[in-house]
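Common to both upcoming complexes is chain A, partnered first by chain B, then by chain C.
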Partner chain A sequence: MLLKILAISGLTLRTAIRSRVFGLLIAMVVICIAGLPFVIKSDGTAAGQTQLFIHYAFGLTMTLLSIAATWSAAGAISLEVAGRQMHVLVTKPVHAAEIWLGKWLGLMTINMVMLGLAGGLIYGLLHWNTRNAVLSAADQVSLREEILTAHSLIAPEQPIPSGAGRTLSAVPPGGTQSWIFRVPERVGPGDALFLQFQFATSRIERQMPVTGLWLIGADNSPKPYRTLGSYTPHVGHALKLPPAAPGQRLTVTYKNVETAAPGTPGTPATVLFAADTGAQLLIRESGFESNFTRALLLVLARLAFFTALGLTVGALFSFPVAVFTAFAFLFITGLSGWIGAEALMAEVDLAPAWLASLLNAATYGIIQLTHFVTPPLARFEPLNFLPTGAFIPLTLVGTAWGILALGYGGALAVLGIWIFSRREMGMTTV
Partner chain B sequence: MQPQHAALINDPTFSPERVIRAETLTKIFRDFWRRPKVRAVNAIAFNVQAGEVFGLLGPNGSGKTTTLRMILGLLTPTHGTLSVFGRSPRDVESKARIGYLPEESCLYPYLTAREILNFYGRLFNLRRAARKTCIDQLLEMTGLQHAQHRPVGEFSKGMARRVGLAQALINDPDLIVLDEPTAGLDPVGCRQVKDLILTLARRGKTVILSSHLLADVEHVCDRVAIMGDGAILVQGRVRDLLEQHDRCRLTFPTLAPDRLEAVMQVLRRETGAAPVVDHPARTLEQFFIETVGQVRPEPTAPTGVAPTEGLAEFLRMNTKQTSNAQHPTSNIEQDQN
Partner chain C sequence: MKNLAAIFLILAALLGLWGAARLHEQLWDYRARHQLLPAAPLENAPPLMAFTTVALGGFRGLIADLLWLRIIRLQQEGRIFEIAQLADWITKLEPHFTTVWAFQAWNMAYNISVLFPDAENRWRWVNNGIRLLRDEGLRYNPRNPNLYKELGWLYQHKIGYIMDSAHPFYRRKLAETMQAVLHGARLENHPEDTDLQRLREELKLDPAFMRQLDAEYGPFDWRLPETHALYWAWLGRQATPGTPGVPGTPDTPGVRSCDQMMLQCLSAAFRQGRLDFDPATDLYVTTPRLDLLPQVMKTYEEVIARYNERFFREIYANFLGEAIIILHSYGRVSQAREIYQQVLRRYPDVDRTISYDDFISANFAAMQKNAGDLPPPDAVAIVEGLLFQACRRKAAGDLADATEDERRARAFRDIYMQARASEDHRLRTGLPELDMLRRQAERRAQEETNAVIPERTAR
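After this line comes the complex of A and B, so read on.
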């Protein structure tokens, strides 16, 4: 079985390379990624530029490869049926499963090569754009500590009380708010610690900065580390903390030092922290390179699903119909979260009431079904992690492969092989 | 239907060694709403014996290709029974004993002739060395040695046809299904294919072919079935169908007019009818091949076809023509999974 699968995957790979699809795709990816630094506009900082580059380059790569994977998979079977090569192939002693898996393996090899190439290019350009001649040593250190790293968030041991439906904690002018964190044992002695925080204000002018004082120190420390700054609301901030020993407890206090400046239109602002994510500790988990590799594996899991989807619809329909069906499914997948949220909030206002209830139930059922049949792609979105330097746990990668590739991809494989084994290849296709 | 079936049972070639058995075989094509649209094959019955060359004849749209596609498992019969080597046509194991040349060559245009043959050889689990030997012999047999490294997308229809024929033989099949085997070939190529079919038949292979070129079928087939409008109109041995048993033909060297007249008088007296005298003629195909053979240099152009007369050596003699004969395992790799 394995020999036949390998033969078919080799044929798929060879055909793709010879048909110049491969070359065209490589050229497109290289041009798009290499051209990105010339077209993106950031806030002018090295961090902003790097974040934007990672975001757009990775997003572009995912989009291009996802389209290419779905497109080529949809054609891998349907075009061979139309070109009647499949007529000869199925008269050989080959099971439908061997053909399907051989095609999938061949296409996944192409996906892996393309992803590796795009990843290498992004990584190379990142290094090129942050080299000594471009950035100062301080900027480079800052980038390595904040973005070109992999850090995870530690919630405070003693978060803001959020009982009785309270989701925000208000810090009025002159008031304080404290959090207690325990530094995890896995933090190395030289690892930088950061405090990540975000807040809103009581002001109508949403983006007007506020002044605040942070006091950070070990428990009962007589001389805590102090830093005064002006921070913009609704934006994530990272504050570098002094080194702390593993297992140490840190008390972090925010003091609202806002005063009404004479002659200014604004009033002293009350600062509002979210109960759960207002302030969190950022610790380094791994290097950027391994995080980057895990992000690529997340993308590959998606491509495994897209390839399975394309092959299965290609086993059922002719090429144009297969492409349309696959992209329609992906479109619904992209919208399913939004549709679900909207539908749950919406109420049908009809009389009689039983009809409204029936329609509501039907809508709810359809949305639930859509949720069930569409994969949770957003849960495994590498763009939620990589540009901010957030750590991608290996368990997330494993879950992505388990759900997207094995779960949904496997279900599609079973369906595709069943369709393919029952399909009459000698019929004209629709 | 019933008379056909009776004829089948009385067929002198009938034996238990049936490679193909079809009974009331029917194929109805349906539209999108599953309503019957075309009855392409209508309750046909026929058997093909081991070692036989069986021809399906008929005009375009008579159901020949549909019948072949059902035999190959590319279409599912709507009604009736059909078995190949005693199994369902969709059975994967029995496909190891079948070679198929479709009406159009249906090759991968970006691959070379050698790569295509290598690919199909791998599907039959042929060992690397055995595969290479088979491919070399098939390329030589089909005259494609000089073009073996060119993508078949650049091939002429005739050359592509030769690659198609080679892939149909890569597994040394017991049953060879040829759909319009001479389509796209020049007269020399047609003749070679016909000779090949006869050689394969001598080696005990079973061949089933469809064609609307009657001369092709007449020369190579043991039995034929003539189809029309989805039904078998007549089937039997070619010789039985074509021979006029109430008439005789004598062939002898040309006589002087008075001697010929004497012979004619005897014949008139004996038969009571006027005999017809003419000169036997070669077929146009024979004349063409002789003429081209005289003026055509040895075709050794590096990009063209240089066919040889021989048959690939690996195409073994079928000594055991039983329905459950096994493919020789000496050239087969053990499946690793």
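After this line comes the complex of A and C, so read on.
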């Protein structure tokens, strides 16, 4: 059986390479990614440019390859049926499952090659755009520590207060708030450590920066590290900490040093930290390269699903219908996360009320149904991680493959094989 | 039979085409009446953009909406690296929708800039907003006065006004840029070609228009944000949708706002149009340009005559009141009295029982009482004015009065600064050190002496 699958996958691969579509796709991916740095418009910083390039290059690769995977898979069976090449194949002692899996394997090999090519190109361009001649040494260090890395957040050891009334920790003028963190054993000796924090203030009328003093003390250090700064509310800040040994306990204290006289503009603000995410330790988990590879594996998992989708609808319909159906599903899947988030925020407000409630219920029902039918692509979105240097755990990659490739892909495979095995090949076609 | 059917179908198609052609005119008129026509073809647009705007048709709005929602979400999440790109796309999708340009530029300059605690990063976003309007918005909408006004507002309010604690940094950055190009306060008579090229291409300032503006209303210090705001407002009131080169009428949308901005900027130029700037020592002090007063008053008179509105008459009265105080501070009492008489003649509602001296005393007392709300340019004018008088009295040998003026200047500055207890308030509205203002006053006194002596010699 394996030999038959491999033989069919080889045939699929050969057909794809011979076709112009493969060459065209390579050209399109190369041109789009290579041309991207010339057309994107960032905020003007090295970090912004790098983040934007990663975001758009990766997004573009995912979009192009998803479309290409769906398109080629939709045609892999349906076009061969229309061209009667499939008739030669099905008259041989080959099971429908072997044909379906062979096609899927062949197409996935193409996907892997294309993804490898695109990934290599993105990585190469990233290095080219951040080389010594382009960026200053300080910018390069900052990029390596903040964006071209993979970091994760560590919550403080103190128990997080529970209950509606203790979701915020208030630090009045002159007051302090402390958190205790343990530096994980996996942190390397030279790894940069950051304190990530975000806060709101009692001064809601203006988003003025607030002056605060951070005191960071380690177990065995007699004198805490001090840094006085001015920080804008509602924005994530990252404060670089002095090196700390793995396993060390860090006591992080924020002191509100606002001292303005009452009654004047700039009245001292009370600072409000969210109890769970107000202050967290940002540690390096791995290098950018391994995170990048895991991001590519997440993309490959969704390509596995789209290939299965294309093959199944190709087994059922003629090529144009199959392409239309597969693209419609792809479009809905791509938008389902966004529609769910945005549409649920807004409610229809109409008179009469019964019509409004009916429309709201219908909208809600459609969104729930869409969520149920479509795979949870947003959960495995590499763009949520890679551009900001957030760590992609291997467990997430495994879950993505389990849900997208094995779960949804497997279900589509069973359906596709069953449909294909029952399809009448001898019907007259015009 | 088959041919007959074909003929029938062809005739039906022709009839349908004829009917569509007849209805086309009516539909076009209907769409025009309801403002549903596509925008006028883009001017100066690159081919790809022109193609996109035509090819996407009505879907442009939908895509722009989606991108706009994304901007809102990213901004809420503090992920701003993509915002400049999204704003660029939105404005390109709706290039004639000037509100979109204005909003996106304002969002960058006002909302995103303040997300950063450091002035350098803030300035980058203020600049991004300015560039979006100046380099691109005006390129596609060269005859929209509102867009000029919005650009002027970024210079006048975001850079020039005290709302942002980083505004001193913005002012210095602008001054540095302009000084590097102009090598001084204004355009030289024979500038280098490279400087002219930078003015035109990088800063989008037309040297011919700069000279014209200087000749009509100035000359101005081009390192000041108010001068830039004035330039764009002045261009805006001429860049109206009608015939190119023909200034708009008061009814033309946006022209009134441009006129209003011009008055504000000219008033600001009188109040703080003299700049002493040295990037090496971080010196940046603005003081009044008393010589600009006749041009400013003339412009007010023209605008009042053009609009005949109470609003403009009232803001003129306020300006004249402010001018009287400033002139008095610099010892130009006869000129101040003359303007006071002019106010009495012109505004019948003004209480005529109040004498000039009472007016001055009441205003000085009110300014000291409400020092917390006093605008910094007015406070600078009063302190420098008193120090200027002290210099002149000292030169004339009147040491007692000179000392008294010095004491009053110091006391006024102390009261003003004591009303600013918080660091933020001091950063935004604080006055320069007294010694620095004294040097300004001495230089001003020296210049006036130099200007007067040759005149006397000539007589």
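We adopt the following convention: the second predicted complex is superposed on the first by the 330 of 430 C-alpha atoms of A that agree within 3 Å, B and C clash if a C-alpha of one lies under 4 Å from a C-alpha of the other, contacts with A are read in each partner's own complex, and residues count from 1 in each chain.
By definition in this document, contacts are C-beta pairs under 8 Å (C-beta built on N, C-alpha and C of every residue); 3 or more make two chains touch, one makes a residue touch a chain.
Here the structure is a predicted model, which is why all the values come from computation and not from measurement.
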| item | value |
| --- | --- |
| First, second, both or neither for A:Gln51, with chain B first and chain C second | second |
| Chain B versus chain C as contact partner of A:Lys4, first or second or both or neither | first |
| First (chain B), second (chain C), both or neither touched by A:Pro93 | first |
| Partner chain(s) touched by A:Pro387 [first = chain B, second = chain C, both, neither] | second |
| Which of chain B and chain C A:Gly83 touches, first, second, both or neither | first |
| Which of chain B and chain C A:Glu424 touches, first, second, both or neither | first |
| In the complex with chain A, residue positions of chain B that touch it | 29, 32, 66, 69-70, 72-76, 92-93, 95-96, 98, 100, 102, 104, 106-108, 110-111, 115, 119-120, 122-125, 151, 164, 167, 171, 177, 333, 335-337 |
| Complex interface listing, chain C residues touching chain A | 69, 78-85, 88, 114-117, 121, 124-125, 127-128, 165, 372, 419-425 |
| Chain A - residues contacting chain B, complex | 1-4, 6-8, 10-11, 14-15, 18-19, 83-85, 87-95, 424-427, 430 |
| List of chain A residues in touch with chain C within their complex | 40-45, 47-48, 51-52, 55-56, 198, 207-209, 211, 229-232, 234-237, 260-261, 264-268, 342, 387-388 |
